[in-house]
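Below are two complexes that have subunit A in common, paired first with subunit B and then with subunit C.
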Partner chain A sequence: MFFKFVIRRVLFSIPTIVGIVTLAFLLGKLIPGDPAVAALGLDLDGASTVSQEELERVRTELGLDRPVIVQYMSWFGDALQGDLGRSSVNRESVTALILRAFPNTMFLLLTTISTAALIGISLGVFSALHRGKSADLVARLVTIVGVSTPPFWLALVLILVFAFNLNLFPMNGSVAEHGWTALVLPTASIALQPAALIARMSRSSMLEVLSQDMIRTAAAKGLGRWTIILRHGLPNALSPVITVIGFQFANLMGGAVAIEVLFGMPGLGSLLINAIFENDLKVIQGVVVIVGITFALTNLAVDLLYSVIDPRIKL
Partner chain B sequence: MKIRNSLTGAYGLRLSIHDCVVALILAVAAFTLVGASVARADDVCPKYGGTFKTVDISYSNLDPSQVANPQYYMRLLYDGLLDFDHDLNVVPGLALDLPTSDGERYVFKLRDDVKFHDGTDFNAEAVKFNVERLIAGEVRSPLTGYWKKQLKSVEVIDEYTVAFVPAGEWPTMLWDFASSLRFASPTAVNELGVDHGLKGAVGTGPFMFKSFEPKNLMILERNPNYYKAGLPCLDGIQARVIKSGSVRALSLIKGDLDMINTFPETQFPQFQGSGVIVDEGKSSTLTVLAVNTKNSALADLRIRQAIQHAVDGKELIDNVYAGMGEEIVSIFPSWHPAFTVAEELSPVRQDVEKAKALLADAGYGPGGKKLTLQLLTGSGGAHTQRAILLQAQLANIGIDLKVKSVAYSQVLTDLQSGNYELILWQMLGGPAIIDYAWNLYGSGGPNNFTFYNEEGGYQNPRAEELALEIAKSNDPNEVRAQITELQDTVFNDVPLIFLNWRNHRTARTTSVKDLETAKLKGMEDLREVWLDR
Partner chain C sequence: MTISSAVAGHGQSTSPSLRSRFAKNFARFLSSPLNCFSLGLTTLLFLLALLAPIIAPYPYEQINPANSLSPPTWEHIMGTDQVGRDIFSRVLYGARISLSMAVMTIIVGLASGVFVGAVSGYLGGVADEVIMRVVEVFMSIPGIILALALVAVLGPSPLFIVLALSIRRITQFARVTRGAVLGVKALDYVAACRVIGMSNVRILFFHVLPNCIGPIIVLATVLMGNVILLESTLSFLGLGIQEPTPSWGTMIAAGNELLTFAPWLSLFPGGFLFLTMLAFNLLGDGVRDYLDPRGASVI
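Here is the complex of A and B:
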């Protein structure tokens, strides 16, 4: 039964991924500017010496003179085989560029979502268990501050305090250069918002579960407080929290762009921003495809996790 | 320990193991100290060593055919036949002297003691290989079209003599050779193919490629066999990309960086009292509004003059450049030998009443038509601030300026294709007279994007004639009268709305020595820079 469900969900993902790939191609075509100009490079401050003849030659070289549908079919066919083409700016393989950037983004996202989930669930449960008390009030205040704090601003404050003044962490750079310390400030900058949202969802979900008859029954049976919370309360409260975590993970891919740029982490966000500024069509399309597929796979993973955590969910 | 020989009465040495170890340590220390100061017989640097850390490498590829900011990165890996000094005078580089001409071709005698970083000999064949590679478009370069247009052929005369046959007149030839023709090892290019510049970059320059991640990090190490004996002073260069201006400034103050050469003027207060040295290069870039003189409204001289009288370049200097700029008094920058202050500056000064009168004369303003123009500009930072101020200044005379902010690369694309009405353009020139004359105002001038003196655009045969006369000379004193007349003419014709000159600046820590801020943005020379840490 479960296996059939997995197969069905995976099959349903295929049209989504084809849609993403098609959209990525069309989006690339809608971006203003001539990729041939980008490929030739712009002379400094517009003192360009690029001739029209040169532009035509490079347009042909890049296949931009072919009908759009031909370009699409060719690109789609190559993409299916894992070949996302070469950067029109420096001719580096897009797949290689993405493979180099992807781990940095994944390191950041995984540490961020793990931190956010850990803090968020703990805070939510704590708040629910102290409902109406001053501890609950403080916890809720913390979540409000968390939701309202812009990550970019927080990142600058963290850099100023922990990197510049206290010299505890690097100001910028990748994991390859500085090890795990490179992740601390970027993670702290973007984990606060999802942590706050997860905490709010955990609190309300936990409160709902704690008010159910089964909890009263468990208490009447004489089970310990923490046994009731951890064995009966929390697992039942987790389903909506997982939805939020899944959504936040996907959401973080967007938020990570600014943080990667700010902390000089060479991830997918930095790659995309550079490609957009340079009108590097193939790289833009490649990154959009990868981010889209990651998004689709995250949704798939969340759906599958539901059925594992709560077997009542209809397969 | 010194002991006396009981038989001879002479003093001799009897050493314990402890004494030997101490002596060995002292000897090593002494050798190291002495060695450090005399290791380089041809010392030219007060101190050697250290990695110079900087930012803003905007190169996607380190092949010598590439052009990007800052320009000095290319001079670290590669050399040209000609080089230039701090005053932008062209001097010999890999050539023994400036070229000689037999009327048809320019002949360069090459140094015979230069090798590429991979050991390949630098010779005439290597020169020919690189030039032909550039012209054939084997690398995607903005320089290809230009060199193809200017150069007919390159000939190897002997192993260390090469001749260039120009396709026609080439007034900026020396500067073009010094600034944009550099050489990669033919062996490395053949081995690496399209990956030359990505996985390796082999030149003859003062530093050698160690690693490169485009738009992220470049690490270079000292070339111990650099042809200029005793240079460079540094052990290496590390350039990374830090996009955030605040983080860049903090990194410099903290000492994580040694120098930054691109930062908004608004950051100056951050550096005050921090020990960072901020240095200015005067009038590095010309800020103008390029005017499409093919546009029906802008073809009218009165409207262009009205716009020129409506704007106040000084207000932009004070509010956007924190005072780090110069007002327009000449079509040349103040450091240029051709710089000549115009006798009459009123055509390029703000005069709102005159602007309104000119506009009314052209049928616009109160009681007439409403004039709406579109200004294309880059997005963010100074681009946006300047556009907002200009919008307000033009509103004073009743012109509705619609500002469209796009990526600066798009601005340049539209500028070149003529797909615009007004464009806010910051132009980086060069040391040649032609850069500020023919190139901007002559028909067919490579940077004449306003269609001035071109078919369909605003024509002034006298300006064309003057630009052509000036283009034939490299000596400003020979053509001073023509320069004076040309600048009066263009100030009156207003193919460009002249705003101001923006100063280039660098900020560095006190440990950086012998670094001079260049006259042109990004042209700093790091070969003689040393670190006093």
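Here is the complex of A and C:
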């Protein structure tokens, strides 16, 4: 039964991934003007500076002289084999560029989501246990402030206070240059929002579990307060929280873009923004494909994990 | 919306006039002090944006190199930027940009998304399956990445920015509307409409959709803060509204270069962005608690 569910869910994500690859292809077709001019890194006015032969050469090289459907099939086939084309700026393979940036982004995201989950679950459970009291109100206010703080602005405030005034952490740079201290400020900047959303879900889920009969039974049996909370309350409250964590992890891939640029971290976000400013279409398409697929696979993993934790859930 | 509330909503046509019902509901909504606060703050922000030409002490583009990078003073309560432009005036005009872009994005997203979702949910079958697969593809790419990629290929004009920000909203509205339509179309009164020979178009748009309005309003309110953040992020990264038009994101980015020397350049626009998001997030929560009490809330 479970095996059947896994197969179904995995099959379900195939059309999504095909769609993402297609969407990235269509993105290239949206460019106004001649894509060959764009591929040379020129804007529309720059077209007159290139010779006709040069444009023809680029068109043939990019396959733009073939019918669109053939171009699509070739893009799709190449993408399936992990070939996302070459950067028009430095002729490097897009896959290689992405493979270099991907671990940096993942490292930042994993640190962030672990921090956010730890803080969020603790705050949510604390809030639920003190329901209606002033501690609950404070925790909930922290949550709403957390959700509403723009991460890139928070990053600037943190840089000003902790890097410039207190000189505790580096202002920018990668982990390779400064070690783990380079991760503290970027993580703090983007962890606040997911932490707040995880806290929100943990609180309502914990409140729901705490009102169930089994908790009353556990209390009637004479179990200690913390045994009830940690062994009976929390594990049951966690399943919806895991979905939120997974969803937030996927969302962070977007949130990390501005932070990577701000802190000069060489991840997918910085790669994308550089590619945009250099008109490097293949890299833009490549990042969209990789981020989309990672997002879809994260959702797949969350669904599977969810069904392991809570066997009642079926697709 | 639950099935019972949908039925109740449908049956309410016999109760007093629509206006008095609205007044009663609105009074109930305002009975929570937090809802009063968030509604007051959002109204204030809209007013500031609307009245910017009257309130702003200086034209937003007026440069004064003799008074560049002045810290906050009585003359310039939020200081001035590198070319001596008044930050307060620019923040007020920035509110116009942020709010109008967000409202337009929500309108485009809502109108198209509700249409797509309603048709998908009502028709069902292959059409529904195909539409929902497409929706899933768009949902698989984080909003900011999709918007960045679209603005990168189309260019950062206001129209394309709204379009880039709307696409993901369309899918969100479509999903929520579809869910609501699926619930409502199974109700007996819809079958009754069919029995008396109403056309599908009339049933869907006059009898099913009006009963799906709750979750749609909730989503629209909740998304406002989100869209404002996205627009500011695009501007912050240099791909949103372009100078000299003031936008909070662009102002924060410009201040970043002089952060340690003139922190007011980034702090004030960022503070306004924070207040706006706070107002809309609180309002969104209030509206959700009111219209869809099953949803999780913060406060």
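Just so it is clear, the second predicted complex is superposed on the first by the 288 of 315 C-alpha atoms of A that agree within 3 Å, B and C clash if a C-alpha of one lies under 4 Å from a C-alpha of the other, contacts with A are read in each partner's own complex, and residues count from 1 in each chain.
Criterion: a residue touches a chain if its C-beta (ideal position, glycine included) is under 8 Å from a C-beta of that chain, and two chains touch if they have at least 3 such contacts.
Remember, it's a predicted structure, so these values are computed and weren't measured experimentally.
J.: Between subunit B (first) and subunit C (second), which, if any, makes contact with A:58: first, second, both or neither?
T.: first
J.: A:75 in the overlay: touching subunit B, subunit C, both, or neither? Say first, second, both or neither.
T.: neither
J.: Pick one for A:306: touches subunit B only (first), subunit C only (second), both, or neither.
T.: The answer is neither, since A:306 touches no partner chain.
J.: Quick check on the superposed pair: does A:147 touch subunit B, subunit C, both, or neither? Answer first, second, both or neither.
T.: Second partner only, subunit C.
J.: Please work out whether A:276 is in contact with subunit B alone, subunit C alone, both, or neither, and reply first, second, both or neither.
T.: After superposing on A, A:276 lies in contact with both subunit B and subunit C.
J.: For A:159, decide between first (touching subunit B), second (touching subunit C), both and neither.
T.: After superposing on A, A:159 lies in contact with both subunit B and subunit C.
J.: Applying the touch criterion given at the start, work out whether A:169 contacts subunit B, subunit C, both or neither, answering first, second, both or neither.
T.: In the superposition, A:169 touches no partner, neither subunit B nor subunit C.
J.: If you stack the two complexes on chain A, which partner ends up touching A:257: first (subunit B), second (subunit C), both, or neither?
T.: Only subunit C is touched by A:257; subunit B is not.
J.: Please work out whether A:25 is in contact with subunit B alone, subunit C alone, both, or neither, and reply first, second, both or neither.
T.: Touch partners of A:25: none, neither subunit B nor subunit C.
J.: Please identify the positions on subunit A that touch both subunit B and subunit C, taking each partner from its own complex.
T.: Residues 32, 156, 159-160, 164, 261-262, 276-277, which sit in both footprints.
J.: Along subunit C, where are the residues that touch subunit A in the complex?
T.: That would be residues 133-134, 136-138, 140-146, 148-150, 152-155, 225, 229, 232-233, 236-239, 252, 255-256, 259-260, 263, 266-267, 270, 273-274, 277-278, 281-282, 285, 296-299 of subunit C.
J.: Which stretch or stretches of subunit A touch subunit B in the complex?
T.: Within the complex, subunit A touches subunit B at residues 32-34, 37-51, 53-54, 57-58, 87, 89-92, 100, 156, 159-160, 163-164, 167, 171-173, 261-264, 266, 270, 274, 276-279.
J.: Contact residues on subunit A for subunit C in the complex?
T.: Interface residues on subunit A, with respect to subunit C: 15-16, 19-20, 22-23, 27-28, 30-32, 140-141, 143-145, 147-150, 152-153, 156-157, 159-160, 164, 196, 200-201, 204, 250-251, 253-255, 257-258, 261-262, 272-273, 275-277, 281, 284-285, 287-288, 291-292, 295-296, 299.
J.: Quick one: which bits of subunit B touch subunit A in the complex? Just the residue numbers, please.
T.: Touching subunit A: residues 60-61, 66-69, 71, 137, 140-146, 148-149, 194-195, 197-198, 213-217, 240-244, 246-247, 250-251, 253-254, 256, 285, 406-407, 409-413, 415-416, 425-429, 439, 446-447, 449, 522 of subunit B.
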